[in-house]
Amino acid sequence: MIGGLDRVPTGIKGLDEVLKGGLPKGRTILVVGSPGSGKTTFAVQFLVGGAKDGEPGLYVSLDETPERVKVDLSSFGWDLDSLEQKGKLTLIDATPLKRPGHRFVEPTGRENPVSFTIPELTLPSLVRTIRRIAAEEDTQRIVVDPITSLMLRYPEEIKRRRALLSFFDALESTGCSCLVTSELRTSELERRFQLEEYLSQGVILLHTMVHEGDIVRGLQVEKMRGIGHDEQLRPYQITETGIEVYPKDRVFRTNLR
Amino acid sequence: MIGGLDRVPTGIKGLDEVLKGGLPKGRTILVVGSPGSGKTTFAVQFLVGGAKDGEPGLYVSLDETPERVKVDLSSFGWDLDSLEQKGKLTLIDATPLKRPGHRFVEPTGRENPVSFTIPELTLPSLVRTIRRIAAEEDTQRIVVDPITSLMLRYPEEIKRRRALLSFFDALESTGCSCLVTSELRTSELERRFQLEEYLSQGVILLHTMVHEGDIVRGLQVEKMRGIGHDEQLRPYQITETGIEVYPKDRVFRTNLR
Amino acid sequence: MIGGLDRVPTGIKGLDEVLKGGLPKGRTILVVGSPGSGKTTFAVQFLVGGAKDGEPGLYVSLDETPERVKVDLSSFGWDLDSLEQKGKLTLIDATPLKRPGHRFVEPTGRENPVSFTIPELTLPSLVRTIRRIAAEEDTQRIVVDPITSLMLRYPEEIKRRRALLSFFDALESTGCSCLVTSELRTSELERRFQLEEYLSQGVILLHTMVHEGDIVRGLQVEKMRGIGHDEQLRPYQITETGIEVYPKDRVFRTNLR
Amino acid sequence: MIGGLDRVPTGIKGLDEVLKGGLPKGRTILVVGSPGSGKTTFAVQFLVGGAKDGEPGLYVSLDETPERVKVDLSSFGWDLDSLEQKGKLTLIDATPLKRPGHRFVEPTGRENPVSFTIPELTLPSLVRTIRRIAAEEDTQRIVVDPITSLMLRYPEEIKRRRALLSFFDALESTGCSCLVTSELRTSELERRFQLEEYLSQGVILLHTMVHEGDIVRGLQVEKMRGIGHDEQLRPYQITETGIEVYPKDRVFRTNLR
Amino acid sequence: MIGGLDRVPTGIKGLDEVLKGGLPKGRTILVVGSPGSGKTTFAVQFLVGGAKDGEPGLYVSLDETPERVKVDLSSFGWDLDSLEQKGKLTLIDATPLKRPGHRFVEPTGRENPVSFTIPELTLPSLVRTIRRIAAEEDTQRIVVDPITSLMLRYPEEIKRRRALLSFFDALESTGCSCLVTSELRTSELERRFQLEEYLSQGVILLHTMVHEGDIVRGLQVEKMRGIGHDEQLRPYQITETGIEVYPKDRVFRTNLR
Amino acid sequence: MIGGLDRVPTGIKGLDEVLKGGLPKGRTILVVGSPGSGKTTFAVQFLVGGAKDGEPGLYVSLDETPERVKVDLSSFGWDLDSLEQKGKLTLIDATPLKRPGHRFVEPTGRENPVSFTIPELTLPSLVRTIRRIAAEEDTQRIVVDPITSLMLRYPEEIKRRRALLSFFDALESTGCSCLVTSELRTSELERRFQLEEYLSQGVILLHTMVHEGDIVRGLQVEKMRGIGHDEQLRPYQITETGIEVYPKDRVFRTNLR
């Protein structure tokens, strides 16, 4: 029986069709993309979709402040402030390395902000904080954006491997449907695989390719344990309302402007 | 005389034809694949096929808990729990690194689970445990999925080489037909070979290629000592009932969607 | 709503059309280019455009003396000396490493030059100086050209990552619209991404490619958080009046002389 | 005069024609191949050919036990046991690293097995043992399969170079016609050369290539000092009776099934 | 106004047209080329051209003795000895590393040779010597051929960068028009850029490419600050009278013999 | 005037035409080739050609014993023994590293062999011995085959560079016409250049390429200071009488078998 796992709609137009019903519920999925491919847009759109369906979401920002993320995404008309105030969306700032004393930063935009502290930002400590907040807030979707700088703390592959597996386990133990973003190292379609692609339950690649001198964007569900899915590379665009995938088109045959 | 070695049917549709009769009985075969290529599906399908033919199987899980593997594969309708309860399938959790105290974990889903302990998880200690269980359970097929993190413990190539040879020897000394999975490093068809490809008795590659912007899956029996086999790259798919190989088709000429 | 961010015209013919209205105001954008691709021309043209619209600009020169930059760009007829004397353009020489005692160097060409000193040239100290000058001069546009040698001071990726994020933050905290130039490592279109492409708010690539034996120049807005933009690779030239982008043409189909 | 050196027939169908008369007698030739390319089959077939012509052969197995090699090759109908019993073939197990105490292992399958010991397995000690056995057994052909792990003992190129030259010298001083197998690092036709290709008297490459999605096997006599030979890449197959080369065909024009 | 900088004719047929009037006067330009591409011919031809126009030149030889350079170029009929005797050309031998005691070597071929000494050959000391000679000899053109071994003295990129910038500065402070040659690392058109390409005022590349099995020579003005120029790759040849560029031809469409 | 340098005929059919008259007399030329490309054949053929024209030659063998080289080349009918006995050819064995006590080895095949000793084999000591022998024997042509292992003694590029330049200088100071062979690292036509290609007076490349599945041999005079030459890649073969170049053919258009 295909579809043995429960699904959550992604909130991204066309993607649920590629996934034949949405992402597996309660799993941690990796979104790997090139610069400008829309990883953050993808991840927040997933939370916004959930918030509209009554699933509160938590956005953990590793490289940018939540305030800046909100400004960056303001043109999509998602009204993130309103979702925050209704308790449907929590954004936490996990960029302590840029601040003196490495203070961890409270969620933004809430009327009575609660202060969360991570004494030392490592994969385990981040996970403990996420789990605490998730429990208190009835969170059902979590985004960690991006995982890259945390992975750099484990230069030895065997330790990085172990840390990543623990991290994915811990996220999954929250019961939430999770997205973790990661940076793609190269624009080549033929490339070395990245460690996290092997260790995650599912991988969605956002490629930005150059084909005969044109820039082409393609989304590929490289891996998705537990569910059947379309495995083709499908064109996508970042439109005025967010990311849109074209599940019936082919990347190199789409008419380009 | 081709076929001098006894064969075991793989349980994978179309693959026995590629192998001209099944895998060599009592050998240790490597399955190398890209992320999402279906290595775990392949390996468990091999055990399920054996279980149905009366050959009890042992699944040793290195990166994922057996519980999760069972959920991931639930859509194929293989009823792994039932096979476990009948003693036809044993799943052991060899992921001690993710748990405090590095406790080794008992087989799951059995009514009277027996507790096995590996004091320190290395290739030799893993092998000893596997051999002990295999002897007690009348096991005839073994899967180790995946070997990658264990190989990382031997950073020096000459030692990794020796450890791998011993590991393959030990598995073979159980008398069981064994599959070991390993991660493919790159999506390139023209690539550097990996150490384990040279040291194993047989290698089945699961490639996921990009061909003119389309994702194409191909299976290649790169090596299979002792038996004649089709050496071409053959298309395969992950269908609702598991992996299916098309032994008469060509990967770049198959009609896609 | 696309265009939620305020925009600043770039002063570069054709580029505002590619950006669907100009660069996001108050952001720090990266210009990455190959040798001879016109990074400095691009950056100063942006300041000249601002100066003409009443936005005073600050040019921070890391590898060349401002005097030399002015001579190099003299053929474009921008009259940088006149802009300097009117207080519309400040050029500071941040090349102390080439001078004895590492003295930091005063702005050039002003009637009453003010002397600024950076005791030790690091990303943070550079930023403090920039902020001080920007505040005193009512600066609204800042260019740092190029960032490369400063990045070399952080050989460890995790520290370079942190330093770059702080640097971009600090520039952004000035309230100015900023451009930072960086060197592209390779002429290959299919290439490894560079760290700074992931960490900046926006990336404009200036490629110089070889296509069937011809040199072709192409500009690509790889990334631009907060605004919709044309993502195609567009041909550009360095003309007698500066850089000109052809927003309706394609790089590999343009007629070459 | 071409053919100044005496020749030995290879026992491999079609290969003597490529070599214009067989391998140079008394030389040490390298066989470099990809995984599954048939290096061991090639090497043992050379010994079997010699045994049938009255030239006793010695097979030195570095990675596999001779017992396993015999089983692996059993389908070709060469009756290795019978050749052993007649003293026409000696197989020695040089895999001491996999056994406790690093005991060296006696030849197999002989009625009165003689025990040979190598106190420490290095290139020189291996060579001494080979020479001793070769002298006692009236050996005329020697195979060392494969040389790779021994080369790993010399991480410094200049020392590896010297060790390899001594090794080839010593083999040649036995007066036997020798084959040494080595692992090819990559499947690319355009590739970096390997050290041993420069240092040996002759090199036969066994490529397994992917050409337009098809697997193609090609044999190339890359180098063969002292004799003229066909230098083209020729298709070969592993058939029911061993390796067969097609000396008049081209690899990319052969009709594939 | 294009051409704001004064120009010097290059003395190389066809090149002034590519440069739209010659090299910028008083600048330091890099000539990067593959082995056999004619870097030395190019550089000395530039000095000969100057000498004929009344601009005395200085040739600083880093890898070869001036005597050998004169012999190598003797076939072009430039009569370097005569130019030397008239004081129009000075050749200095900066190859002290090959001589005992690291003595620096006097200019050759002059009637009353003056002895110049560099106590330790580094970029700064070389520059001081060059400046001293240039001042005494009324030099107007300088060639340093090649810079490569001096760059190897700065293994750390940040220090090599600083040294190169200082070196270019110092050369420029002589007021002379300077050429510095450098070795191209690869024959690939798509390649990693070299440090010196970013740090110099202008770069002329001399490529030797293989195109469909033919050797093709192409010259590209990759970069030339301060002047407009043809940016196409243009064919060139080394003729009986020196280098000749074909400013209207294309490299891959030229008829080859 | 092209041809200002005196020339020596190469003794290789077709090559003098490519060189427009032979190699420059008294220079040191590099022959770089892939395994099996015929470097040794090329170099000895050059000596044989000289011996026939009354120019005594010296062959310095670094990797193989002269005895073996003579056997390897015996099929070409050059009668090296006879040339040796007439004093027209001296072969010295510079492979002391393979012998106990690192004794240097006397010239072979002479009636009254003289013993030469190199206490420690380095580039300088080798050169001293070569010069001494060359002076005593009235040698006019010298071959060093191959230089590779000596270069490995200088792991630091700056020192290897200096050693190579001194080595070429010293050879040239003998007044002899010299060939030095070197190993090509890769079979790719587009490749990184090797250090010695930049530092030698002339470079002849012997490529063995794979073109559409066929092996193609091509000779390219990459560089030849002081003389004009054909720069195209020309096909060559190793025939029954030695190497033959086809100076009017193209490598990719030659009819193959």
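Observations, loosely collected:
The letters A, B, C, D, E and F name the chains in turn, as written, and every chain counts its residues from 1.
Following the convention adopted for this analysis, contacts are C-beta pairs under 8 Å (C-beta built on N, C-alpha and C of every residue); 3 or more make two chains touch, one makes a residue touch a chain.
No experiment lies behind these values; they were computed from the predicted model shown.
Looking at subunit A and subunit F, not one chain touches each of them. Of all residue numbers seen at the subunit B-subunit D contact, under half occur in both copies; the interface is built from largely non-matching residues. Between the CA-based centres of subunit C and subunit D the separation comes to 61 Å, rounded to the whole angstrom.
The distance from the centre of subunit A to the centre of subunit B, each centre being the mean of the chain's C-alpha atoms, comes to 31 Å. Here the CA centre of subunit A is 53 Å from the CA centre of subunit D. In subunit D, the residues that reach two or more other chains under the touch definition are 189.
Touching chains close into a ring; read starting at subunit E and passing to subunit F, it gives E, F, D, B, A, C.
On the side of subunit D, the complex with subunit B involves touching residues 34-36, 40, 63, 71-75, 77, 95, 97-98, 148-149, 152-153, 183-189, 208, 210, 212-215, 217, 238-240, 256-257.
On the subunit D side of its complex with subunit F, the touching residues are 1-5, 157-158, 161-162, 165-166, 169, 189-193, 197-199, 201, 203, 211, 218, 220-228, 231-233, 250-253.
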